[in-house]
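One chain, subunit A, links the two complexes that follow: it is found with subunit B in the first and with subunit C in the second.
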Partner chain A sequence: MQVGSGAVAAARLAAEKKDPRARRITAILVAPGTIWMILFLVVPMLMMVYVSFWTQKTFTIEPTLTVRSWVAFFSSETYFGALLRTIKIWLIVLAATFFVGYPTALFIGLFIKNKTIQTIVLVLCVVPFWTSFLIRVLAWRPMLGKEGAVNIVLQKIGVISQPIEVLLFTEFSVVIGMTQIYVVFMVGPIAFMLSRIDPSLIEAARDLGASTWRIFRTIIFPLSLPGVVVGAIFVSVMVLGEFATSGALSGRKVNLLGNIIVTQVGSLKWAFAAVVGVILTAVMAVVVAALLRLVDLKKEL
Partner chain B sequence: MENRPLLRSTLAIYTVLFIGFLYAPFVVLGILSFQSGPEGGPQFPIIEWSTYWYRHIFGLTPPSRVAPLPIGEALVRSMTLAFATMVTSTVLGTMTAQAFRRRFKGSGFVFYLVVLGMIVPGVLVGLGIALVANTLGIPRAWWGTAFVAHVLYTFPFAFLVMLAIFNRFDKTVEEAAWSLGVPPMRTFRKVTFPLIFPGVLSSMLFAFTLSYDEFPRTLFAAGADLTLPLAIYGTFAVEIHPNIFAFGVLTTLFSFSLLAVYGFLMALSVRSAKKVAIQEEIA
Partner chain C sequence: MTAILDIQNVTKLYGNEVALDDLSVSLEANEYISLLGPSGSGKSTLLRVIAGFEKPDAGEIFLEGTSLVGIPAHKRGIGFVSQSFALFPHMSVFDNVAFGLRHREDEPVRDEGEITRRVNDMLALVGLVDLGDRGVNQISGGQKQRVALARTLVADPKIILLDEPLGALDANLRSRMRVELRRIRQQLGITFMHVTGNEQEALTMGDRVAVLDSGRLVQIADPDTVYNRPASARVARFLDCYNMFEGRCEDGDRFVAGGSSFPYLPAEDAQAGPGIYCVRFDKIRVAPASEASRPGEVGVRATFITSEYSGPSIMYFFEGQGSKVLEVEYHLSHRQPDEFSPGSEYALLWSPGDALVYF
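Now for the complex of A and B:
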């Protein structure tokens, strides 16, 4: 029976492959989307690499090839500093989203057994995404300011006597803002992986006398690792390309690579902006490739 | 794990705090949007509760030193752009996903190419498109270059949603219609479309809301006429007033009403599907 239906399916597949009409229909269906992506994504990205070698005049760029913009990037304290700062902020936010998000994912994925309640709690976490991104960023200003909600609450309960001024317009506020905005992308995939763990596995370990910590270390955490990697990829890609949060919550003091691109485009330094763009793309490619090496996602998911 | 009550309640409390962390800024923002005006600033304490800043947005207050938010035309542009993006990306997504129901050469390449559109950071997409437009001498505009960039971003979402729908879809229903001699277009309208309707609705919702709120891609691609997020971003640079908070509350309400419409249409489609099933049972 198994063999028979398999053979039928294989025969049908072969017939479909040979059918020129079906092939033409597939081509017609695939073409518009593919052309769109090539024309408006692949070509612009290649253009960015090309323009990064153009000659920058005061307000224009000329297609005479040079590496001057590249030299300028790596010899400038400000710009190279922005690269290091981007990596630093990325690492901090990545760690923060992981440590803040994991316990919640643990609770949703492992401790809530009812699927409906599980969905409700997850939806509750996603709802803030239904509001405008810029408003979400801006909402941190009245929270962290000198006369902000956090300072008022801390003063009321007597933890501090003077308002803390370094909450807003510092690296701290940028990290807090980004953590709140992106932590959900960490919680979702981890909770998903945790909810797939077979409870009898944990039960068996407990019956054999394993402690809770040991069960977590040797069973739960390794099984949730693919979720951590997927979450880390989401968070990394978004944080590395950020500029709005860092701009709005640091008072333009914390300049990431994205902010450099925005200011360079603002002063029509297109070639230089392209250099920064290529560097950002390279950093992102390395990060994603490294994360993918941690776990074989195709096998695990 | 359930038999660890202490661990369980600790994590439960933590989760409540975590959700509080996610919502706190909005609560604060919502409260401050009712600050008195025009002298009340964007911080505590609330001098007096008032709806001044809401009226300010609609131009219902006497002129003051606080300029009105420049959102009128930008809102119309963003709505138009979001609508066009929604239609285009849903059509593209459905077509591409339909093609993926058959195995074809290069499907892996096309899959990764499409998914790349939602991964590449917006600032790079905007920069690349602006560079190409400048080189070719095409003027940048919200209805041209920005539209292209928006579809680039929303089409992958529509594609993935439709792919998931088609994966669960029983092909034999369509084959039955064909073998009974129903022409392909009619089969699509009468059989396929009702089955994939929830997916189409979800793609539309995704595309509209993502485009309506899109900021990094639009920044370099939109040209001189601003969309709504760009207009809002412009006010960040100068001193902020509670009118921007009031606007935040209003746009959040708008998003929720979209969600409500989506939920309503979804419930309707589920109900009509059930009705059909019951009728078939009776027959």
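Now for the complex of A and C:
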């Protein structure tokens, strides 16, 4: 007993002796990241909040604090409407990427048993990303246009007699474009989670008498939920800040918060752009926080 | 005794590999049968065929007289406990056990009160009374094993198939779970079929032991018979408690292996020709080389190499003719271990009546 406690005390002493050194190493390792985050994330964010209260003159801003830009945002149909539209498009795209992405992920993660083929197929999903963002978006114009591929095909097979005009330069085309671009961010994390499900779990559930649908609902889907949440976070963050797709595929008719920031900055309205930026950041923060509440990622991953 | 499960001429191929080769065996109601075989012998395949996870290429399986051909796994009334336990990680112990009752396709139990009662009864049976609320990752390996068992048992299956159920447990827990499994089975009175690659486990657990080799059933008998009278040299080799001499029988009562020749008690099917002569490790007496053998004893000379002490018994390793390793086991309950000097020659002696000869 005495020997034991003596040894423990000695070990503790040694640990304490080592402690300052260990602490210094920790500090050195943590420092670059912390400094980086403070300089390029925390300070700019605080700056943005601060600037949003500055006074806007025609071409300049002055550091006289005012809430005029904020009032302008919430009292304007155009700007507040853009917020609502951004949220609406985000929800639709989120749902679309989920409904398109989940079956794909299910196929890759669960039905392809061979890990190598799994990886190959996942890489294939990323192949479209080898072309530039602009080309990927603009390629939808000849697809969805009045005389585009979709209309031609539908007319040829006699489904429609008149070309559908609402395909392009509407919210619909924006949603299509965004879904196509961002769906892969949904597929990846979900396929990853699905591929980690032990096949014996599904076998056990089947042996216990559950139907395929039940097994999906009670076992497969809950176990893939962390992947869905991670995918949703990726998609949300990207869609909420989007401006290029809506710019290129809506003919400037669909204005999102991102588009407003671009135009405001373009006309040197920094204070107002800052207001929109703060609101956008706040929305993203709320969305991410809400998604993280769904599952405990630290526990699941 | 009535057969509850009748497996008739089942063959299963994986490509060109024959996993099960025209195998027939029948299980009786209310018995614990252990299925012993080396890895690759087809024992897991047999279990999966019975459970319905694999389709046999030929043959039929009858459960209580009804053919199981074409009946999917979950409608067979056969429970399956896999080696990895396959517990649902996102559910509590209670929900795992309740899974079958709640989610099965046929006659799910809708009354939560009944579910609670049945699950709690089952948790009590396997000794997990207060653990229902725990997550399955917050319990030990032995407890997971019990949850897996309870989850299968709660649906009242007619037969439980256990695929190497103790393989994932440490030695201490393994021996405790052996006792537990037998108790639970006796309490419920249903048939357990327990697959294992461990001969010790097969002998302790089974009311009967079925030995599988290369997809064939080579012996099915009570543990005592399997241990003392293995049906073939392969079974004897797999039991890992026999010294085996390859040689030939001559004159109907002499066996010649290398330079040694020993008389043996002729069996009914004795014949001249190549054969294998087996003597169990614990049937051998070690004597100084100078000592004359007692009347009726036969033996070989061998050089002592080393010993291995395991508590209740001790193994001695000798090197016989042609660098053949011979093992001798002394049970230490009524004697002290002997001291032999490494490198010295000794006589290994046994009575011919203890020897088994296979052709």
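Assorted remarks:
By definition in this document, the second predicted complex is superposed on the first by the 262 of 301 C-alpha atoms of A that agree within 3 Å, B and C clash if a C-alpha of one lies under 4 Å from a C-alpha of the other, contacts with A are read in each partner's own complex, and residues count from 1 in each chain.
What we mean here is this: a residue touches a chain if its C-beta (ideal position, glycine included) is under 8 Å from a C-beta of that chain, and two chains touch if they have at least 3 such contacts.
Please read all numbers here as calculations on a predicted model, not as lab measurements.
When both complexes are overlaid on subunit A, subunit B and subunit C end up sitting side by side without clashing. By the touch criterion stated above, A:Val184 is placed in contact with subunit B alone, subunit C being left untouched. When the shared chain is aligned, subunit C comes close enough to touch A:Ile219, but subunit B does not.
By the touch criterion defined above, A:Ser250 reaches neither subunit B nor subunit C.
Applying the stated contact rule after C-alpha superposition, one finds that A:Ser200 touches subunit C and leaves subunit B untouched. In the superposition on chain A, A:Ser211 makes contact with subunit C only, while subunit B stays out of contact range. Partner contacting the larger number of subunit A residues, of subunit B and subunit C: B.
Minimum Cα separation between subunit B and subunit C in the superposed model: 9 Å.
On the side of subunit A, the complex with subunit B involves touching residues 13, 16-17, 22-23, 25-26, 29-30, 32-34, 36-38, 40-45, 47-48, 51, 100-101, 103-104, 106-108, 110-111, 113, 121, 124-125, 128, 130-136, 138-143, 145, 147-149, 152, 180, 183-184, 199, 202, 212, 237-238, 240-241, 243-244, 247-248, 258, 261-262, 265, 270, 273-274, 277, 280-281, 284.
Note for the complex: subunit B touches subunit A at residues 1-2, 4, 7-8, 11-12, 14-15, 18-19, 21-26, 28-29, 32, 42-44, 92-93, 95-96, 98-99, 102-104, 110, 113-114, 116-117, 119-125, 127-132, 134-135, 148-149, 151-152, 155, 159, 209, 213, 215-216, 219-220, 229, 232-233, 236, 240, 244-245, 247-248, 251-252, 255-256, 259.
Of all residues in subunit C, those touching subunit A in their complex are 51-53, 72-75, 78-80, 82, 84, 86-90, 99-100, 103-106, 151-152, 155.
Listing the residues of subunit A that touch subunit C in their complex gives 198, 200-201, 203-211, 214, 218-219, 222-223.
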